[in-house]
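What follows is a pair of complexes built around subunit A, which joins subunit B in one and subunit C in the other.
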Partner chain A sequence: MALPLRYSFRNVLIRWRSTFATVLGIALVVFVFVLLQSLAAGIEKSSGNTGDPRNIMIVRKGSTAESASLISRENLREIQYFEEIARNDRGEPIISADVLVLVNLPRSDGSGEANVLLRGVSPRGVELRPQVRLVAGRWFTPGKREIVVSSRMANRFANFGIGQSFKAGTANFIVVGWLDGGGSAFDSECWMDADECRSVFERDLYSSFLVRPVDESAATKFLERIEADRRFKLKAEKEVEYYRKQTMTAAPIKWLGGFLAIMMSVGAVFAAMNTMYASIGARTREIGTLRVLGFRRRSVVLALLIEGALLALIGGIVGCGVAYLWNGYTTATMGFETFSEIVFEFTVTPRLMAEGLIFAVLVGLLGSFLPSVRASRLPVIAALKSV
Partner chain B sequence: MSVPNIVTIRELSKEYRQGEINVTALNNVSLDIAQGEFLTLMGPSGSGKSTLLHIIAGIDRPTRGVCRVQDIDLTKLDESGLADWRNQNVGFVFQTFNLIPVLTAFENVELPLLLTRLNAKRRREQVNTALELVGLAERQKHLPRQLSGGQEQRVAIARALVTDPKLIVADEPTGNLDSNSAQEVLGILQMLSRQIGKTVIMVTHDPKAAAFGSRSIHLEKGELTN
Partner chain C sequence: MTTIGFIARNALRNKRRFILSVSSVAMSLFLLVTLQVALRELTNPINDEGSTLRIIVRNKVSLAQPLPARQLATIERIPGVAAVTPFSYFGGLYKGDEKFTSFAQFAVDPVRANELLSDAKVPAEQMKAWVADRTSAVVGKMTAERYKLKIGDRMQFTGQIYPCDLEFKIAGIYEGTADDRNVFFHHKYLDESLGNPGTVGTWWVKAASAEEATLITDRINKAFANTSAEVRAETERAFQLGFVSMWANIKILIGGISVVVVFALLLVTVSTMSMAIRERFRELAVLKALGFRRRELFAFILAESFGLATLGAVFGAGGAWCLYRVLDMQTLSSGMFVMFEVTPQMMALAFSIAAVLGLLSAAAPMIGVARTSVVQGLKTLD
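Here is the complex of A and B:
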């Protein structure tokens, strides 16, 4: 029979002064773990949020990202007449040939410069991406050096206010509007006219095509056709699939989160161990008494393990609670797919919190294991004689 | 008709090593304790009285000899067997009370019952009975630190009684008490022996305390002297 839970629980509470530092230490570990994982989750969410399930993205075969892809104008001329591609009210094929350019722009806080992804979109580009909305100003006029910047980047870069202008490449651009990508990867982009973009940045080739097929069966046929036609050397896949795979940036952050958490947890385990040794050492006679009353060694070990786990759980709850304050906070980092600044939100999911709490409990269990076993192995007589 | 023995000890010895030296705590002790007896063990410090008490209570093991309590040879029981046996057959009263500080008087008394198959209602009834017997029914929600020394020891006696064991062992139960509290505690132990028929074995230095017992034996250098 186990000792009552209230025994373990009250022992944690009654020694709150001595356990406070350990609780804080574990809280810090869980905080770092949850926060870094929430960064990765935010990046993944941003990529996972992007795209329209009806659209198909075409890039050069062998290129892992749109920014590293090059497609000729001849390819555009041929593909846009494929009968699988839907047409708008004016009978034009719904296809956007985009150009992606990296430009180096100064930050608004004067802390240097960062790469920004500039997307030149064809007239159908906006129509193909309904999740991108104009939230201020107006869209750019084709043929003009006008630009629409992400509203989430507006306060991060200098001269991104509507009506302001900045220099990129050899040209000056006027900011005419702010877009909102709805939490997608488009929140990290600035949009302008594709042909103007090619002209300013002297690009003869496009980066990608985005296509809206007539229906699902046309989509399947279109994918097969692009894949089978050896002239093109292109790769076509659903737009949502393409973006779902663009989570490379999240991987090192996840790894860093795990690595840091493990390193810090070693310290936290020792802190918990120290606390438990002190706590158990102060009540050796009490443990001896429990043994005299008939509680077996395993009951004592279990009660002390629960105590360690509870101690850590309190730390875990504090860590998760503090990390949750960051939930939804917008930040940016350099994306490894595009080498440009990507904007995303810290995303503290219930799953991450659960992982944080489990992590904390494991730290508590590991930290209290040796002290518990040691206490239970102490001969009853020796324990009773302890001062 | 003679009263049956609850404890039978034959040629019991206990030796242990203290650094390089072999210490004989008990040497060839033979003793019978009758059921319902209030036996006091007296002797100077280091005479082996506590060691004898611990062996009878199943918390220490002899080096040689036999210790049978209620016809069970304790030397044959393993660690877990002894733990179960102690829970069912022996009540303990310590000099330092040894209550669990984070548990209330009620919860302290209830502890040994958690190892039985009794349901919560039956446990509550037994705890209330034990606390009433020691006159502390109204203090059951108090934590040990909210009680006086005498009250703490009475809670400890209630805890020793609650499983209704035949044998109650007390190691210097009045050693930390003022004389009034000591009288109360000794009175309760005497009442348990005389009125309820419990066998009480008490270690004490104090001849006044020993006077409450029905028989007193003396140990010196690990041997019985009378």
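Here is the complex of A and C:
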């Protein structure tokens, strides 16, 4: 016969003073785990959230990132008249040739400098990326040295306020607006006129083309055509696919999170074992009584395991709860692909929370296994006699 | 029985608890040291002998923006400049099939670079062979060992930043720099493959003396002020710290986690210590009744918790120290960490934390003992 669940449950509650430290310790382990994984999830979410499924992105073959890609103007002249490309109501092909420039700019808090991704974009490029909205000010005027910066970067870099200006290369740029990428990779970019960008930074070549095909079948045909044409050393793929792969930065964070979680959990298992041994030691007599009453060894083990798991679960819930406070908080680091500052949010997904809780329960079970086996093996008479 | 024997016996009376407590302290301190090492690796760039003299000149816009090759003549004429070489990061994928290459390839001028990379030791005949063959390269010892490369082998790279693929013949293998992983090859080879664009990635300059280094950076910066390609010249150290600044919030995060680890550690040890003392309240009362003074009892408790924490530190921090000496972290982390060295400061930090821990975790039981009268203590059944 199994011991009632209430037995395990009430034991956890009654001994809260002695188990408090263990619960908190497990909470901290889960907190660190969930928090770090939420960073990685944030980077993945931001990449996964970028692009329009209808668009096709073209970069140079061999370049892993748009910012490291170079495409000639001849290629633009040839590709833009492909009949697979849709046309707007003025009859122009919907293709945007962008230039990406890394600009080293000072941080607003004076703690050094960081690279910012500057995108020289044509009017077509703005139309092709409907998820980018203007939240303040106005768009840049083509042919002028005006710039629209990401609103999420505005407080991270010096002189990013509307009306302010900063120097990059030989030119002074006036900030005329703030854009919002809706939680996409565009939140880490600043936009300006493509031709102006090319002339200021002396770029003869483009970085990438973004194309809107007429329909789904045209898209497939377009992809095949770029791939098959020997004249182009280009790689074409769906824009969403391209961004989905830009998650290299998340890998070391994930690794760090996993490593820390494992190491810390070993410490937490030791702590949980200590607590459970002590808690069982204190009620040797009680356990003896249970055995006399006819409860089997395995019932005792089970009840104590449940007790340990419950204990850890409380810790896990606390840890997840505290980590959830960070959910949506914007942070930034250097992106490995673009070599520039990427802005993203801590993203505590339900999946991560579940993982954290499972993790906690495992720690609890591991920590209480040996103590509970020991308790069940106590000779009944000796246990009853113990003070 | 001596006092020390008494304390040791007391600490070991519940061996299981003792081992578990020491292990959890050790584990946490091990983690703390590991985090500190990783943080240092990320924020404190490695330096070698030559780095005090080296100045790196990049485009003011950013590192990714090239510089015109014609700047060479101007830099050479600047007083205090002992040597200068073009230095371009090629950033190719080795064999094209690796997802990311753990070593860098730099295009340099072999004759000029020889002055600058004085730490790198290359046998004279290998050096001669490298200078003579435009498509050859010298490879760091670590990389050569990792991929089992020898002189005469060929290496293929797919360009990621530059639109060209390159193949080198290995002319020599160097060692002696802080990071013997890189590949150096002829800048002319890169220029030819690109159709001579007349640009370089950066300039590396050697200052005549370390004292003059900052002066020279100023001179270089001024020499190109208000030209179409303004430069940013900085010492190698400042240049590397620029990278650190880009890590942004990640630094704070690792620091924060270290604090959390220490805090968790504190909790666990405090709870264990109070558990251990609570268990023998009665004994302590007996000792009191026998005439032991309060401060002697305090000393017993303190010595025990202090000993436990220190032992944890010995295993944790000492273990980390031994482990990272033996372990080849460079291969394990596929090149992300190079040195992974536990410094004396970190050991000191770990041991001071252990000491504070010993004090703090003794505090609660000591207060308990002080508050309880002999009679009360004797009455406890726990």
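Simple rule for what comes next: the second predicted complex is superposed on the first by the 387 of 387 C-alpha atoms of A that agree within 3 Å, B and C clash if a C-alpha of one lies under 4 Å from a C-alpha of the other, contacts with A are read in each partner's own complex, and residues count from 1 in each chain.
One rule holds for everything that comes next: a residue touches a chain if its C-beta (ideal position, glycine included) is under 8 Å from a C-beta of that chain, and two chains touch if they have at least 3 such contacts.
For clarity, every value in this text was computed on a predicted model and none was experimentally measured.
Trainee: Should A:331 be classified as contacting the first partner (subunit B), the second (subunit C), both, or neither?
Mentor: So A:331 only meets subunit C here.
Trainee: Based on the superposed arrangement, let me know which partner A:169 touches: subunit B (first), subunit C (second), both, or neither?
Mentor: second
Trainee: Touching A:373 in the superposition: subunit B (first), subunit C (second), both, neither?
Mentor: Touch partners of A:373: none, neither subunit B nor subunit C.
Trainee: Touching A:384 in the superposition: subunit B (first), subunit C (second), both, neither?
Mentor: A:384: touches subunit B, not subunit C.
Trainee: Give one of first, second, both or neither to describe whether A:362 is in contact with subunit B, with subunit C, with both, or with none.
Mentor: After superposing on A, A:362 lies clear of both subunit B and subunit C.
Trainee: On subunit A, which partner touches more residues: subunit B or subunit C?
Mentor: Result: the larger residue contact count on subunit A belongs to C.
Trainee: What residues on subunit A does subunit C touch that subunit B touches too?
Mentor: Common interface on subunit A, subunit B vs subunit C: nothing in common.
Trainee: Spell out the residues on subunit A that touch subunit B in their complex, using ranges where they run on.
Mentor: For subunit A paired with subunit B, touching residues are 1, 3-4, 6-7, 10-11, 14, 283, 285-286, 288-297, 380-381, 384.
Trainee: For subunit B, which residues are in contact with subunit A within the complex?
Mentor: For this pair, the touching residues of subunit B are 54, 57, 59-60, 79-80, 83-84, 86-88, 92, 94, 96, 98, 100-103, 107, 111-112, 114-115, 159.
Trainee: Considering the complex alone, what residue numbers of subunit A touch subunit C?
Mentor: Residues 18, 20-22, 24-25, 28-29, 31-32, 36, 39, 60, 62-65, 67-68, 70, 101-104, 107, 111-115, 168-170, 201-202, 233, 248, 252-253, 256, 260, 263-264, 266-268, 270-271, 273-275, 277-278, 282, 331-334, 339, 341, 387.
Trainee: Which part of subunit C faces subunit A closely enough to touch in the complex?
Mentor: 16-17, 20-21, 23-24, 27-28, 30-31, 34-35, 38, 60-65, 91, 93, 100, 158-161, 163, 165, 228, 230, 232, 241-242, 244-250, 253-254, 257, 260-261, 263-265, 267-268, 270-272, 275, 336, 381-382
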